[in-house]
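Can you read through this structure? Questions will come right after.
Letters A, B, C and D mark the chains in the order given here, with residues in each chain numbered from 1 onward.
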Amino acid sequence: MREHKLEIRVSYADTDQMGVVYYGNYLTWFERGRTELLRESGLAYKDMEKQDVYLPVVEASCAYKAPACYDDLIIIKTIVGKIGRSSISFSYEIYRKDGNKLLATGETRHAFINRERAIVPAPEEVSKRLTE
Amino acid sequence: MREHKLEIRVSYADTDQMGVVYYGNYLTWFERGRTELLRESGLAYKDMEKQDVYLPVVEASCAYKAPACYDDLIIIKTIVGKIGRSSISFSYEIYRKDGNKLLATGETRHAFINRERAIVPAPEEVSKRLTE
Amino acid sequence: MREHKLEIRVSYADTDQMGVVYYGNYLTWFERGRTELLRESGLAYKDMEKQDVYLPVVEASCAYKAPACYDDLIIIKTIVGKIGRSSISFSYEIYRKDGNKLLATGETRHAFINRERAIVPAPEEVSKRLTE
Amino acid sequence: MREHKLEIRVSYADTDQMGVVYYGNYLTWFERGRTELLRESGLAYKDMEKQDVYLPVVEASCAYKAPACYDDLIIIKTIVGKIGRSSISFSYEIYRKDGNKLLATGETRHAFINRERAIVPAPEEVSKRLTE
């Protein structure tokens, strides 16, 4: 799977007093998106951790184009990026479902590590399933 | 130590679109308050976990009397409550520093457990230090 | 509508280093539950605010019975409680979907207020729709 | 003022089940840092909003170098970057106080807007105070 779309609803907790979603919360949405992409690729992240493979974020960025508001239905589009020897990237597009307006774009880069926080090679299964 | 006061500043992240602090965030403030009370009693919670003593919350409540707003300086007053065989309670009073206005009160009750989530007796040192 | 069930997925952001959902996050779940109950009753909270009716939380409580863990599917059951002259209560039951295990119960009580934070009577439509 | 240092303590709420601070929370730290830099420059953000000047984030990025852990004392160093006609940038360095270890670096870029979300020029006072 190279792409995945997840629909979520903006809660009151997500907003700030500017009346829009707080900028830090988009990184939580990115996490939700990539988790579901992995799951649908047969790679539940929970199971990866059980096999001693962790994917901490090494770099994250977000460009905010238009605000997401309370009660908006949001589409989180996650796209698999470059899979390196021991790293992987995802990019994200955040849309308001109503009108399909692009609200934000982003990227995260992750290292493959084990429980002792040592870098490990990307498991072959991961590369295989995410490039099919 | 039976009481502790901690001063914090309301951030934008704490607020919601009603222009006040989101109700769930008070529980985070309670945590900050009891952590500092424990620390000043010589019972750093981090060290308790290293000694295989955990204090998960079993019950929590909060009564909201007036809103906390962005950039307010807040006083979190934490008071040690009942220490049972394997439980402990704390109560909390949240004040806006400017004017010393009471904004909220709350309580949390905690169990003493170990890593395997089995109930354990309250360590004698804890009872001793918190009732001095 | 007197009851509503909402299904959500525990994200990494929801967890803490004890490996379970942080206790404050249950209040966000309660919010999600009552928002959807209101919506399905024809009372979108967003529209209530446009009609100058706000429902801030006056009291909240939660009893934690078993931990919710990363990636769990969670059922948030919201039940309408007492509707007073200018207040309303909801109670909540949080289940792990797998095994239908009860993880937590809770309650919130809300005041009906307007933009100026003055208490207002519960709109007749609200009482009507929530007691049908 | 061109630089500011703020000290904060990592709370349990900040952590995730990997036992480290959740990656999205660094953006909240950045916010805390720039708010205090502005305040010490005589530019309380709260007052800017009262004068109809808002500073929403247009771009944010963070590079994670080493994990922040529960109870760590953290130094948030905020540095004023480029001040454009209607934009401003800040960069950030996050240190563990113990050992002065660099944990993360980041940047945010902000637009100057008014209540109606129209772009406005950077107020002269802002440029003046932040470049002194």
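Operating definition for what follows: a residue touches a chain if its C-beta (ideal position, glycine included) is under 8 Å from a C-beta of that chain, and two chains touch if they have at least 3 such contacts.
Since the structure is predicted, the reported quantities are computational estimates derived from the model, not experimental observations.
Trainee: Suppose chain centres are the mean of their C-alpha atoms. Which chain sits farthest from chain D?
Mentor: Using the mean of the C-alpha atoms as each chain's centre, the farthest one from chain D is C.
Trainee: In terms of residue numbering, is the interface formed by chain A and chain D classified as same (over half shared) or different (under half shared)?
Mentor: Answer same: the two copies use largely identical residue numbers here.
Trainee: Would you kindly tell me how far, in whole Å, the mean C-alpha position of chain D lies from that of chain A?
Mentor: Chain centres of chain A and chain D, defined by C-alpha means, are spaced 23 Å apart.
Trainee: Distance from the CA centroid of chain C to that of chain D, rounded to the nearest Å?
Mentor: It comes to 33 Å between the two C-alpha centres.
Trainee: Any idea how many Å lie between the Cα centroids of chain B and chain D?
Mentor: 27
Trainee: Give the residues of chain A touching no fewer than two other chains, as numbers and ranges.
Mentor: In chain A, the residues touching two or more other chains are 12-13, 18, 20, 24, 28, 31, 70.
Trainee: So in the complex, which bits of chain B are touching chain C?
Mentor: Against chain C, the touching part of chain B is residues 18, 20, 23-28, 31, 54, 56-64, 67, 117.
Trainee: Which of the residues in chain D end up touching chain B in this complex?
Mentor: 9, 11-13, 28, 31-32, 35, 44-46, 70-71
Trainee: Okay, in this complex, where on chain A does chain B touch?
Mentor: 12-13, 15-20, 22, 24, 70
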